[in-house]
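By written order: A, B, C and D. Residues from 1 in each chain.
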């Protein structure tokens, strides 16, 4: 069984009541549940654990690592970044979710700034499949729509992906390469940064995100709408993306 | 000096008064003028000439061929298609404009259907640069906007481009890989199909197109708006695209 | 279970005693046996059957088609080529073996001549893995060696592969992109043309080939050495390549 | 005129009499002369200058930087590496020569270890063109041969190149992706690491290299053979590679 480690910061869920209301047990818990339901062997790790929960032993037993961070990228220890980097080159899969595009580990692997254009807007986002032969596109048909998303737009400063699977359209006028596959060393990386269900800003508290790609479309409260309609489709896709990233699995 | 041959059908301009009013001398004439102004050595060829104007001698003296067709793809002789195909593999550049995506020669080179989603709509189109290191993107900044365009959308059934330079956003909700570079044999191909100024449908006469990429932003009449504002930028880009496609030119 | 159709010409095995001695039941039979042992649901089809054995019904029930041809490419009916082409774009996997690089279907999909340099030589061939993250490379380590191979060398006139997995070295001084992955439409294509066990020329009868990639390393007679040593490794690889090409399988 | 800065360590030429005998004025001087002859505006910079000779001002006035290092990669200041990295993403071209594949700047840009297999051997190296449509291949025909080279072989731990132009064959049995083009941010990178004239080990002094790609085929002494025969071809290629890397030049 593919072993997945779900990593998140787990900060805003503890410090911000509005966020805590939506994710009482943290985003990682929700992502982990979704992946367990999809048949994976899942553990979690978060920023404030020793070694951020990512010891050599944990990484050695991880086939696919999912990464979500937002407000504390700079607090991730360079030693851990190098450890994860080395493990990816050695064959561990990595799925970078949402604002994880600005994490140290993703920038380290890409060799570029990974900057993008950004707007907290509640745009409608349509994700179009441009590589229908790719396993990740298997269950997606022509694509799908997310309502009320944060906008992530081009130019996205990354290397040209080895396979470009999805391109997003935003109602505000932008496009984004939102499903990018990379291979680095023996590792497979999937950048699904903007393929996420995002919760709109509440007051001045900023935004946090959950991933429909990896989630079950968890109900959200306080005026935030979950993306329930796309949950079943996403569950299947989640499985595909995780399988694709896993080593030793064809 | 780079030698360019501009090929078009030259049918609607002769048969349809509304089109003739816009392009009294044919689209090829307008494209040719723009390229001459940009410093190229230009000749034209059209469907109803013997050999469609594309004899071995003409092709041997052509560095870059631009191709535009719309209503008569099926009338292009297979013998000429094979001749052009062979010349491209031998090093001639090919720029496929607008509805030329469905030409025999482009489908022959791609090995796919080259189908796309399509709507005659007068959408607003924003073209975003996703490969700012590419020479064709040199003068384009983050991108540019065209008003009142025909929509060409994904999925575009072509091989993944060797370099993807532009992605289009349409106000109706679609995206499109609108600037694609390919190399086949010794030849370089640029598919700029949708990067065109298109003239909206007049009555039931169908639509025809001119290319701001290769044109001077020719004034158009009868309620059709030229894309004058983007002409100077396009002139520079036109030069870049043609240079990139030319063999022997670094 | 993935359904594989093994297609070969089945001509030399019937007309040439030296070849018949090695493949008494045809190359297709041997490839089919190897794939059955690897757990696939396998049928065969050959040139001289009606429709070359490739009716719409057969193709509709085929997940992966393997193609081997050598002396009779020109006899394959264009109608069948179009049928196979259409089915590949619709999602059927295609594995092109050895001299199948010059088949109509491969040239149709590539859009190029697919020419290469060639020498019947008994060269030593070393195949190096250049994309260790690719599933097909999973069991291959740094690569492997084949003795006494026909040389297939660059320049190989194909589009740049979407993923380049293997590069071959030949003792006579050539290199070759010998494991190339392509995606066309919804279909995945693996060109393993030169990754084959080849039997050296006997007198003037020409050469035929068997594929260690897809075979069990069948014993060969009359002074021809089988590649027994690499058989187990190849069996595993064979499975990976076939799985990768199959649609609906992650 | 394209402005080139030639950077090398300039250590072995000062410390090792055998190397000094071959490059009395340093490798950088020789490379610079070759590029000046090819029509470029050239300056040099070396490790032991303040800021390694690579101040913000120098970089701002540099269109293409060539990088050669061998024994002192670790002594390059991280501050300078970040400065060069930032300038590459901003559009400066970078040509990484020979053992520069292990430089901090190349590893920073690639995001991988850039490790390779290596042997000081005096192998014969044949470089095959696999992308004849690429400007760098313009003057190279099918490829060319270098005698008595150091062997650089796969697996080369780099991302799949955006364009793969050359593959090397070594008499000892290896292959290598020896001409790789990358784009990162607005910058174009050409890794020609092994496309170099290398001088064999003298006693225990280690090896140093000169680049026929960028040189005039400088005579070498003490039993080392220059690659005079390929000099004219290389001069043309050198120009192509430098032009391709330059921003603003089509």
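Simple rule for what comes next: a residue touches a chain if its C-beta (ideal position, glycine included) is under 8 Å from a C-beta of that chain, and two chains touch if they have at least 3 such contacts.
Note that the structure is a prediction, hence the values are computed from the model and not measured.
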Would you kindly count the fewest steps from chain A to chain C, each step being a jump to a chain that touches the current one?
1
List the interface residue numbers of chain A and of chain B, divide the shared ones by all numbers used, and answer same when the ratio is over half, different when under half.
same
Distance-wise, how many Å sit between the C-alpha centres of chain B and chain C, to the nearest whole number?
38
Chain D residues counted as touching two or more neighbouring chains
131-132, 160, 162-163, 183-185
Could you classify the connectivity of these chains, where an edge means two chains touch, as line, ring, star, complete or other?
complete
Chain D contacts chain C in the complex at 126, 128-132, 142-143, 153-156, 160, 163-164, 167-170, 173-175, 177
Flag every residue of chain A that touches chain D in the complex, lowest number first.
89, 108-113, 157, 159-160, 162, 182-185
What residues on chain A touch chain C, complex-wise?
91, 131-135, 138, 162-163, 183-188, 239-240, 243-244, 247-250
